[in-house]
Structure formats: structure tokens, C-alpha cells
Amino acid sequence: MNTVEVALGCAAGSALLAVLAALVVRRRARPAVVGTLTAITGAAGVVAGAAALLGERFAVELPWIVPLSGIALTVDGLGAAFLAVSGAVAVAAAIYGIGYSHHGLDSRGVQATFPLFVLSLLLVPAAGSITTFLVCWELMALTSLVLVVSEHRRRAEVASAARWYAVMTHLGFVAVLIGLLILSAPADGDAFAAVRAAAADLSPAVAGTAFVLCLAGFGSKSGIVPLHAWLPRAHPEAPSHVSALMSAAMVNLGVYGIVRVGFDLLAVDAERWWWLLVLVLGAISAGYGILQAVVSTDLKRLLAHSTTENMGLVLVGVGASGLFASIGSPVLAALALTAALMHVVGHAAFKTLLFLAAGSVLHATGTRDLDSLGGLRTGMPLTTAAFGLGALAASALPPGTAFVSEWVLLQSLIHGLPAPDAAPAAAPTVTVVVLPLAVAVVALTAGLAVVTFVKAFGVGFLARPRSDAAAHAIESPATMLAGMGLAAVAATVLAVAPTLVLPTLGRVAAGLVGSPAPIADAVSVELVGVTGLLSPVLVVVALVVAAVLVVAIPRVLAGRRARREARLWDCGGGPLSPRTEYTATSFAEPLQRVFDTVLQPVQDVDVTHHQESRYLIAAVEYRRRVPDRIERHLYEPVLSFVTRWGRAGRALATGSVHRYLGYGLCTLCALMLLLVLA
Amino acid sequence: MSDTAYVQLLNLTAGAVLLCAVLVLWRRELAVIIRLFAAQGVALAALIAVLAWHEGSPELAVLAAGVAVLRAGVLPAVLRRALGTAREGTEPVREVRPVVNVAASLLAAALLTLLAFAVSRPIVELAPSPATQAVPIGMAVVLIGFFVLVTRRRAVSHLVGFLLMDNGITAVGFLTTAGIGLIVEVGVALDVLLALLVLQVLTGRMREAFGNTDLDELRELHD
Amino acid sequence: MTTLLALLPVLVPALCAVAHFAAGHRRGPAKAALPWLLVGSAAVLLGDAIVLAALVLTDGPVVAAGGLLRADALSVFMLVVIAAVALLSGLATPAHLAAERAAGRAGTRTAARYCALVQLFVASMAAAVLAADLGVLWVAVEGTTIVTAFLVGVHRSRAAVEAAWKYVVICSAGIALALLGLVLLHYAAHRAGTGAGLDWAALVLTAPTLDPGVTRLAVVLLIIGFGTKAGLAPLHAWLPDAHSQAPAPVSALMSGVLLSVAFYAVLRTKVIADLAVGPEFAQALLLASALASLAVAASLLIAQRDYKRMLAYSSIEHMGLLALGAAIGGPAAIAAVLLHVLGHGLVKSVLFVGAGRLLQIRGTSRIAEVRGLAADQPVLAGCLGAGVLALIGMPPFSIFASELGIARAGFAAGSAPLAWATAIALVLVLVIAAAMVNHTSRMLLGEPGPRPEPSGGTTLTRTASQLAASTGTALIGGLVLAAALGITAGPLAGLLDAATRTLTGGTP
Amino acid sequence: MTDSTTLGLVGGLLQAVVIVAGAPLLVGLMRQVRARMEGRVGAGIRQPWRDLRKQFRKEPITPRGTSEVFRAAPVAMVAITLVVAAIAPFVTAASPLPGVADLFVVVALLATGTVAIALAGIDTGTAFGGMGASRETTILALVEPTALVAIFALSVRAGSTNLSAIVDSTLAEPSAVLSPAALLAAAALVLVIVAETGRLPVDNPATHLELTMVHEAMVLEYAGPDLALIELGSAMRSAVYLGLLANLFVPWGIATEAGVLALLVGVVAFVVKVGVLGAALAAAEVFLAKVRLFRVPELLAGSFLLALLAVTASYVLA
């Protein structure tokens, strides 16, 4: 009996215990008991994942569960990475949930579903057969759907978000289902091993169809454009700890699916166009997601858009990796895949932190609208610090979490072009065009992410409060802070000492593409096979030393004088009211104008004139909306087609018994005619 | 009896069965339609009697008598009862405006008969005999019965259409093999009778609820 | 002993029906307990089915009543389905009748007649699945039409009469085609000279000797005919009307098992057809019918306005899936089909019972007029929500496992047309799922609006709007069973396996 | 301790001192050049230092309602720039911290400094602070693609983004400086630097009209030692950027081995190069007007195109 087995057993056991507890424990104590047990589930998941990453393997078959097919669990390196990430997110979210759930989320149903959601998140990457995978996948969709609707009485948008989510997730499921079934059709049984063995004989067209279908399905789970529409709806409407789980753990599993199918089930030297497709979709998602985030003023929606962006970046890595693998540079392929995996890990840490902090704000102020927040630092210093740390991590600036993974990604991309003196045939033309553009997209994304998070943190937490609710906000309970604290620690550790996980992830990636490990086991991030060295620890140390010097030297030279507070410069007009502050909308306005053609915002300016004179203005009202263009051009035609279909369909059932019988007679005659002719 | 007489009688009765079905399409008065149906019952009974005579089977003869009682006596009586209550009302006793007009109906009947003949080829070929050669007629009656169901708007014509189908099936049954087992036969007959009674009760309820028995009124349940 | 066991499923409900009729004409304290007789007879049926299952699994098929009845694994499996759904429907009946009486829509006499008809309905379904002879099967299936006609039209309202009329006419016309098919099949068997008659066990053994030409025609007629009763396109249109107008427990029985019993006949036909004319023929017919049914269900569910009709169209969808599974054939698909029958039976009956309860509470079956149910009636709303999720194939409910099984078999069959058909079916199922989720979420979620006055003018008291314990048991029990079945088939696995073998293994 | 580590440590220290001491003089030089070309006498190149000394001695004042972010931002900005000053190859080719001397890291660190000031601008809660922050970050976001793709172009030849490696490869192959790729990349980087250091035509460092301000609008509320740090930081940023530009393309004179003479030559060469570049920039500014904020993207799009061409050229034309 190995560690993975014990830990997974523990996870399942404590999750089921949590479900039981949710049903029997009285309301007051329920969140604490369920939260603790769920945190144990998550921790067990982390242990299982870590043990498997360190080399333990685990496989079990339970043929008596799920009739007709049975269940098979297998934990390998790739699965273990995602298992550990999901578990870690679950720990933070579960602890946070203890405090957050007293906020009307302590009903039996919600509390019982939460541990199941966590368990399904852990089991998806542990699935060892197609049926198991699909069962866990749907269980994950179902439980998250139930959690999304848990606040349906509070806001009308919840029901609509849930509908979007349910339909899109089912769409994704059907795509994945068909894709995986095509893959497994020639296989003997549905275990991944059998599918892998049989996939080699698939014709390119069939394999391509299967891959594209899987890509669509998994991509929709990851919020990849154009199947992203549900994500900015459902993630914000879920309770915040669930948002964290969805945005930091669930979306990852889409990536897991793509990697599993593309690198594992199908041969590694898969065709180039798939990976180009993955890369392009990733790049589009990254750019489009962050543009939407820049102009969002809803804090949680902004974070959801940022999830799309980050998953896009991950897919850029995955796509680049496949591209490198297909042109025969496994070292770069492993590097790019490592970057993608690292970004998944880092994103999980900071997105958990950000969503939990946003939930804390929502809990304290009752609003997610950045335009009416601000000045939270006074009332909620710890939440502010947590969000600030998350924002730094998310904006890909050193010394932040995302910087490390983006650095590795950029390194793999820029090394994709061979040195000029190499043979020109070494790189196909497509990479010469694609790689610089990919770098540019990653860069633009990073830049816009900076704006987004400066806006979210600066406007949301700094300056002066823009509403009474924000002015009177008080810090959240200890459990919520503890949850945030865990995520903050994770984000910090990943930022400062990424080599705790990077070489391991590198080995996982290397195993998938068949290359030596791309990252050396060292304190610094040292690339193997290509030149590249980054030492986040030294960056931090250098910055601290420099900061000490900058503070100390002037004091030594110029002497120390007491700090005094003074009025802001108000142009002599008296104390400034919050109405003169810059809002999130106005902050993003320049970028919105720059990207006018992409975003196509809808703006209305209503000018009310004085009654006496048309030359005097009483009020100016400015409204701006940034509708999702892709939604308008892709979803609306589909929706209107379905609506027309539904309306036309009614003609089938007019109520006329003659018509109904006529269907039968016509069919009978047609079949008889066919019989006669055949 | 000589073989020619047998064949002629068989063809005659079978032809009468088909003729009655076609005439049902032609005529509009409901009372006449019911009478035609009764006539078809007689023709059917005669057909079975001819078969019984030819095979010298008393069992078949009893069945012929049963068919005569049921299809020429009981069922028309039930139909007449369904119609009878209508007479007291103000509703028309004619098939005023069928879904497909009479001329087109007759044309359709011709086509359906052709189709029946074409589709019955394997049946005839399996065991060519005077009896099986008349099977297409039974098939045609089934199709015409179905056609009546599809195109006639009055409840009573609907019932007749259903019973025409049943007559056709009975004809096919007797022409192909000598019965399909007594229990099943009785069960089938009972089922048909009960279905008809149910429909007759429903006709009454329809008259209560809608004021007439025009099936076009039944358009409330739709999407 | 075995004869008695095989006869019990028909006899017990029939005798109970007599008891109901008798009691309906007398006055006395026994009245209140009358509806519980339904539960009792269903329980007996279930127990009998379990004993029969043990017997059949060890000793092979049981023949009784002079060869008229014959119980093999498939029959017993169907018997289990009938009993389970009858039990759920029976549990919901007392509260349903009480509410109807309270609303003045039913008297004691009606209630007794209602119970008696339901018992006869169950008896004829049991007879249908136990019949050894296709003719008897036909008689029993047509018998269900006659018995349920009055149940559909029990309210005597315009809508009820309309639904009943359409139900009887369309089903009778369809089933008449099946009779013609039987006649032709009998003719073919007769000409083959094996003396098989219509005994399907014998027919299966001698099927290769049947004349292909005649058998083809017969199979077309049988599939259209029994397909009518199973709610398969093209003669499906009676179903939404009848199921939406029938009282809730009857709808549960009709949707949950009656359709499957008719489909059972299709399955039996297919075995013979496959042996006589090759598997492609029935496959093509069933495939076309399956896709047509799914397309019809999808088209009418998208803009559906009535929740009972929504459930009815969903039944058409599931019958389409069964037809798809049957068309694919092979042990994997057939096992999935049988599991689907049971899972769908349980879930759909739960939903119809729930919908009936909803209709009694809110007085309307329009989707647009029901809002915020989860806030008012958490248990009912939870059951409806979970039921719809189960219906669209979410785990842990067994429909997920069976749909997955059908889809897997469809792709694994290795024929491109089947794979395409399965893919198209999955897309249609997706559209249907989207539509159902859309409609249901509108009813369940959000704040309840200002309560509209029930259209019937009857305002329900507080107690009347509470869920009766027995109904609650039926709702939750059915869902728990469906979920348990989706997690593990447990003791049913052996029966399922044996039943699959009767349909695919050749030797019945 | 290896030779290159010694060189790196000594050089790094020297660079930091040179840049801290020299940056205000560079600003003074640029102002002086401008003044002379505009026909004014000018305040002399030591004037910025005199201003700094005066401000450092003043009482620190914080506006009411601001948070720690406001107080920490100047320190953070100067510290970051100091780190870059120490690790990038200005005087010596070796770096004290090779794990930091990566071009991506340097660019990102400098952006972090900008972000710190932008947050401080928002933190004041005034309209001007927010406006400045919004504009500054917008420009930052739009510059990023150009900067990174230009780095890509530079790194193709060296096979690395490590600054020392790039400098070494240029030293090893001097003709590469005149390759089309390098020229295009240099042009792109010039625009990046103009935008990042807030010079004309993107931003006018000498403006007194709040509505046209970008950088200055953010720091309006600073006074005393805080303002001194901000001013010093900005000056150091200019020096660092110009130094990077100089040494990435014209690295000659840089010390490649430890030795007093070599280091001295390195310092002189660096001072001369930066001085010349600064003077040229100031001279060019005389003939430029600030473009409208919404024309800046066009400018940056142009520079992005140059950078992209540089990458393609480095591959296709080399």
C-alpha cells in the first residue's frame, strides 16, 4: 500500500464524511465541520499528488462501480501535478469557506455539494480510463453547477449564469465525449493504456477530428475563446470560495485534458496544425481575455476574464510545445510545456488568493463594483495586503509568481528560432512568423495585465472610499483570513523559490515529450539545453538590500525628521469629495479608446439642459458598456437559429390528429415503396 | 365445389371487400358509410365462408359466422349508436369537408392499392395460391383504412377507418393462413371491440365537451 | 410453484382490480386504505420478480399457463422495471387522490375506478412482458391502450377527451399495423413449416428459415406498430398529449414503463429480424426512427411552454436513445439499453409525480407561470431539479452510465454510419439537455414572484401545499435508487447480463 | 572567487555609484543642452543635484488619506533602479548577479518601478493622480510588446537574453552592429526608451499644465525627501535606459577583465556614451512637440513593427 493510495483513500473518505456531516450536523457548526473535513480532503490530494510527483505510481480498478464499464484510477506524473494543484486550492478554499459560509451558504445542499466538488476535482486527473474520466468530469460539472446556483435568490443574474454554464459545459462535455470515443473506438477497452496503444493506428483525419473535438471541449472548460462566454458569467456569480476553486482548479483540468490527449493518448509527434491551432487559440484567448479584463469594472468578473487570459497563456505554452515536438526539438518542447505547467501552478496560487480576497471584499461591502469601492486599506488591511500580493503575482512583474512562468515561456519561444548561422531549413517558415507574434502577444498580455491589476488594486483598495459600504468595511473573520493567508504563502513561495516545483514539473513535461529534464535542480532557474538563468531569490534579496540602502543613506546624510500629514492639494476648492476620484471606468478609458476597434464599446452620453437656456447644462450622464463582440457575432446567430428552430418545430405538433396520423401513413407508404424498389 | 368456382367466389368476395372500402371514401353520408362498413363485414364473412367451404373446415365456418356477427352486426350497431345520438343534435351527419377531397381520395386509393399489390409480391410468391393472390386486396383495405383515418374529419368516419384497417388485417390473416391461434383471435376481436367501445364512449364525451364530433375541434393540445 | 410465480404478476393486480371495483360500490372505513392496495400489489410484484429472477438465473426460463407465459431473464428484468415504477407511482397515488378529492375533482367512486384501472394496467403490462407468444403480447399491449384510455380521460375536460381520443386512435392504428405484421410473420413461419407459430422462443430458433421478403414487410410493420406504442417517431404524437393530461401517477407509469414495455416488443422483434433478414435491416429502420424521434423531441423541447409536455417529449427522446442502442446492437449496447430502461423508468416516474404535485400546488402547467419554486418548495424543487439533471445524463444517476454505454457502443461498432448517427444523436441530446435545463431553471430558480391565483379558483391551504410523506418517499426514493444504480448495478448486474444474453446470445 | 565574479562585484558597485552620482548630472546636461539650443543660459548641469540636496533636507510631508503605498513607492522605485544599475553591463561586461542580469528581468523590473509610482498616484485619490497613473500604465502596456520583441531580436544572435551574453557576442562580432536587424532593433528600442522615460514626444517632463501631464501628474503630491527620491529615481531610469541602449549596440570600452585601468576606461566610456546619447536626445527634443495621448499608440505601433522586422531580419537577412 503506497502513499498515493492511502492519501487518495483519505481524500475520498473525508469528502464522503464531509457530505455526511453536512447532512446531519446542525446549521451553526456545519460550515466548520464541513470546511475542516474538506480541507483534509484537499490536503490528502496534495499529499497524493506530491508523492506521485516524487515517483510513486498508483493504479487501481474498481469494476463494480459504475455499471457497464467500471472505474479505473491511475496517477502518473502529469495527473499528479494537477491533482496536487487542485488539492492545494481546495485546502485554502475550504478553510476560507468556513467563515464565508455563514453568509447564507450553510444550507445542507450547498454544504454537502462542496466536498463532492473538491473530490471530483481530485479524481479527474486521477482517472485512468475514459469512462472514469468522463464520470468525474461530469460530476465536477454537476457539483460546480449546483454551487453556482447556490445564491440564486440573492441575484437575478445567478440563474442566467447557471444556464449559460450548464449549456456550455454540456456542449463541452459532448465534444469531449465524441472526441474520446473516437479515440477509444478501435481500442480494446477504455483504459488510457489501451487507447494509447490503439491511437497509433488512427488515420490522421480521424485523429485530427478527435483532437479538435477534445480541444473544443476542454478549451471551453478552460474558458478559451471563443467558447469562453460562460466563464465571466458563472465564475463571478458563484460563492467566492467556489469561484476560487473553479477559476484556479477547475479550469486547469481543461488544460490537463488537452495535454493528456495531445501528448499522451495521441502520439507525441502529432501533426503540426493541431498545435498551431492550440497556440493561436491560446494567443487569442490571452489577448482577448485581458482586454476584457482591462475594461471590466466588476471585480470578480475582471478576475474571471483574467482566468481566460492565463489559460490562454498556458495554451500558448502547450501549443508551442507541441509545435516544437513536431519539428523535432524535444528540449524546447519540454521547456515550453514546463512553462505551461508552471503557469498553471502559479495561476492556481494567485487566482485563489485574488478570488478569496475579492470574496472578502464582497463579504464586507456587499458590492463587486470597483467604481464604488476604494479606501479598503483602512478597514481591511490584511485583505488589502493579500489582494496586493495577488495583483503583483498576476501582473507578471518580478518578483511575482507569474513572472517566472512567463519568463520560462518566453525563453522557450525565443529559442525556437535557431541561430542565424544554422541551416535555414532547420525552422519551418511558420515558426519564423508565429514565434515573434507569440512573444508579442505574451508581452502585450503582460502589459495589459499590469494595467488591469494596477486598476483593480489601486482603484479597489487604495485612495478614498467611493461609497458608504466601502467606507465602513471591516476585516473578515479569521478563517477567511487564514484561507487567504495560505494562498498568499503559496504565491510567495512560488515567486521566490519556484525551483521547489519547476524541476519536478520539468521532469513531467520531459517524460511526455521524451527529452531530458529541461530545468536543472538548483536554487536558480537554470535551463538545460538552452542558455537561460533566472534567480528569483537573488532578485528579491537585491531589491531588499537596495531598499534598505535607499532608506538608510538619505537618513544618514540628511538627518531624520518627523513625518507630518498635510491636506491634499485641492486647487483651493476645499476637501475633495470621492466624486472627483478617478474610477475604474475612467482608468481604463485610454486603453478602451486604443482598442476601440477590437472592443467596440457602446457609449451613451445624455446631456440634460437647463430649462432656461440650451446653453446651460444641468447634468451629463455617461454610460459605457463593453459587450462581448465574440458573443455577439458567434453566439447570437446560434441562439437565434435555435430560437427559430424551436418556433418552427412547433409546426410539427399543431394538435391536428389527421396530421399526426398522416406522419405514420406517409412513413409507412415510403417504407413500403422502398421495400418494393429495393 | 370446382376450383374455378372457388377462385371466382374468392375473387368476388375479396373484390367486394375492396369495393366497400373504396365506396367508404366516395360517400359522404355517415349513415351510408356505416352501411357500407356492414356490407364489408358481410363480404368478409363470405370470404371466410368460401375458404371454409374450400378447405372443408368447420372451424373456419364457425369463425366466418363469428366474423359476420361481429363485423356486420355488433360493430355497425355500435357505430350507429355513436351516430344515433348525433342525429338529435344539430351537427351535420355528413363528412362535409374531408382533409383531402373525394376525387383526390379516390386517386390516392388507387395508388395505395397499387402499392399494396407491389408490396405484397413476396407474400404471393412465397406460396402462390388463389387465396394468397387475394392478399393484396387485404393489404389495400388496410392502407385505405389508414387513409380514411388520416383524411376524414368526423369521429364516426374515424371509427370506420380504424375498423376498415381491422377488416383488412382479418382478411389478410385468413387469406394467408388459417388463423393465428384461437386465444389470440379471440383476444384480438375482444381488443377491437373494446377499443371501439372506448372510442364510442369518447365520442359521447366529445359531444358533451365540444358540442359536436368534428375532430378539427381537437386542436387545443399543441405546442 | 413456478407456474404460480409466473402467473402472480398478472393475477395479483387483476384480483386487486376486482377488489377496487367491489369496494367502489360499497361505503365503509376501508376506503381510505384503498389506494395503498396499489403499493401492496406493486410490492408483491417486486418480490415475485426477485424470486423469479433467482429462479431464472439458476434454472433458465420458466414456462407457465400452457406455454402462454414464459419468463426468461429479459422478461423478469422488465418485470422488475414495472414493479419498481408501479411502486413509486403507487406511493404517490394516495396523496394525489386526496388532493384531487380536496379540490373536488374526484369522488370516491372515481377514485376506486381509478385504482382498479391502474391495477389492470399493471396486470396487462406484466402479461405483455411474460407472454410467450407474440400474439398474446400484442393483445396485452393493446389491452394497455384500452385500460389507460379512461385513465387519460379521467377528468372529462375538453383537453382530457382530446388527449384520450388521439391516444386511442393513433395507438390503435399503430398497433393495428403491428397486428398485420404479426399476421405476416405468422404466415412466414407457417410456410417455413416449423410449427413455430408466434411463440417467439421458437421463432428465434427457426428464424433463419423464414422467408426474407415477407419477414421484411412484417418487420417494417412491427417496428412502426410497436414503435407507435413506444413513442417512437413517426407515430409519436399521441404521447405528449396523453402524458400531459393523465393524472400524475398514471403519467409516471405510462412514461416510465408502458413505453418500455412496447419497446420490449420491438427488441423481441429485432432478434427475430436480425436472424431472418440480417442485422442491417432492422438497424436501418431503428436508426432512422431513433434519429427522427430525437429530432422531433429536440425541435419541440426548445420552445416548450408546458412542463408536463416537456417531460413527455423527453420520454420520446429517451425512447429514441433506446432505439439507437437497439440499432447499434451487440452486448454492450443492449446492456446499456436495458439499464437505460430501468434508469429512465425510475427518473421519469419521479419527475411525473413531482410535476403532478407541482400542478396541484400551482394550478398551472405553464412553464412561464411557475417561478422561484426552490424558495417555496425546496424538497419538490430539489427533486425536480435533480430529476432533470438525471434525465439529461448527469452522473451519478444511471442514465449517465447507460447513455455513455450506448454512445461507446455506437463508436466502437466500427461502422461509419453508426458513428455518425451516434454523433448526431449526441448533438441532439445536447440541444435537448440545453432546452430542459433552460426551462427547468426558469421554474426553479430566483425569487418567487407574486403568487398567481390558481386558475381553478381553488386556493390551497397551507397543509395542502405541503408534500405528503408518501409522495416525498416516492420522489426521493426513486432518485436515490437511480443514483445507486448509477454507482453500482449490484445484484442487478447478473440479471442485466443474463437479459442481455437473451437478446444477443441467440439461445433464449 | 573567480575573476568574472570579482569583476562583477566591483563593477556592479562602481556602476551603482556612477549612476547614482551621474544621473542628476545627466538630467542637468540634458536641460543645459536644451536651454542653450533654445537660447537660454541654463542653470548649469549641477542644478539637479542642488535641488536634490535641498529637498532631502526638508520635512517629509504626506497628504492625508494616503496609505503606505504612497510612502513606499519612491523607495521601491529607486531601489529597483539601483538594482538594475548594479547588475546590467554598464561599466563591466560581467554581472554581480548573473541570475538577475537578464534582459527580460531588467525590463520587467523597470516596469515594476513604474507600477509603484502609478499606484502611489492612484493612492492620493486626486483626479490628477489617477489620470497620470492611467496614462502611464497605458503607455507601459503598449510599450511592452515592442520591448520584448526587440529583446527577442537582440537575443537571436546571442542565443540568450542574458545581458552579458549579448554584450559579449557583440564584442566578439563587431560587424553585427551594422546588420539590419540590429539597426531596426536599436530604432525600436529608442522609441521604447523615449516612452519609458517620459520624454518628448510621448510626455513632456517640463510641462506645468496638469491636463497634459503623464509622469508629473502622478507625483504632484510628493514633497521634500520623497520628491527627491522620485526625481533621483527618474534620473537614474534615464541613465539606465540610455546606458542599456549604448552598451547593447556599442559595447566598446566596457571592462571585460578586472583591473583598475580597465574599470576606469569602462567608467569613462560609459559616461561619454550616455552623455552623448543624452545630449542627442535633448537636442532632438528641441525640435519635437508632444503628440496627443491618443496618437502615442501609433508611434508605438510603428516601433513594434520595427522590432518585428528586426526579428524577421535577424533570421532572414543574416
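Order as written gives the chain letters A, B, C and D; numbering starts at 1 within each chain.
Heads up, the rule we're going with is that a residue touches a chain if its C-beta (ideal position, glycine included) is under 8 Å from a C-beta of that chain, and two chains touch if they have at least 3 such contacts.
What you are looking at is a predicted structure, and each value in this text was computed from that prediction instead of being measured.
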{"item": "Selected pair, greater C-beta contact count between A-B and B-C", "value": "B-C"}
{"item": "Identifier of the chain whose CA centre is least distant from the whole-structure CA centre", "value": "A"}
{"item": "Computed distance of Cα centres, subunit D from subunit C, in Å", "value": "78"}
{"item": "Mean-CA-position distance for subunit C and subunit B (Å)", "value": "31"}
{"item": "Inter-chain centre distance, subunit A versus subunit B - centres from mean C-alpha coordinates, in Å", "value": "68"}
{"item": "Gap in Å, rounded to a whole number, between the CA centres of subunit D and subunit B", "value": "100"}
{"item": "Junction residues of subunit A - those touching two or more other chains", "value": "649-650, 652-653, 657, 661, 664, 668, 672, 675"}
{"item": "Junction residues of subunit C, two or more chains touched", "value": "165-166, 169, 173, 177, 216-217, 240, 300, 303"}
{"item": "Subunit D residues counted as touching two or more neighbouring chains", "value": "none"}
{"item": "Chain pairs that touch, as defined at the top of this document", "value": "A-B, A-C, A-D, B-C"}
{"item": "Footprint of subunit B on subunit C - complex, ascending", "value": "68, 133, 135-136, 138-139, 142-143, 145-146, 149-150, 153, 156-159, 161-166, 168-169, 172-173, 176-177, 179-180, 182-184, 186-188, 190-191, 197-198, 211-214, 216-217, 240-241, 244-245, 300, 303-306, 309"}
{"item": "Subunit A-facing residues of subunit C, complex", "value": "165-166, 169-170, 173-174, 177, 216-217, 220-221, 224, 228, 233-235, 237-238, 240, 285, 296, 298-303, 332, 335-336, 339, 372, 374-375, 382, 389, 392-396, 398, 400-402, 404-405, 407-408, 410-412, 414, 419, 422-423, 426-427, 429-431, 433-435, 437-438, 441-442, 445-447, 485-490, 492-493, 496"}
{"item": "Residues on subunit A engaged by subunit C in the complex (per definition of touch)", "value": "64-69, 109, 131, 134-135, 138-139, 141-142, 149, 152-153, 156, 158-159, 162-163, 166-167, 170-171, 174, 177-178, 181-182, 184-186, 190, 642-643, 645-650, 652-653, 657, 659-661, 663-664, 666-668, 671-672, 675"}
{"item": "Residues of subunit A touching subunit D in the complex", "value": "374-375, 377-378, 395-398, 403, 407, 410-411, 413-415, 417, 419-421, 427, 432, 436-437, 439-444, 446-448, 450-451, 454-455, 457-459, 462-464, 524-525, 530-535, 538-539, 542-543, 546-547, 549-551, 554, 557-559, 561-570, 576, 578, 580-582, 586-591, 593-594"}
{"item": "Subunit A-facing residues of subunit D, complex", "value": "53, 56-65, 67-69, 71, 75-76, 78-80, 82-83, 86-87, 97-100, 102, 104-105, 108-109, 111-112, 115, 118-119, 122-127, 129-131, 133-135, 137-138, 140-145, 147-149, 151-152, 155-157, 159-162, 165, 220-221, 225, 228-229, 293-294, 297, 304, 308, 311-312, 314-316, 318"}
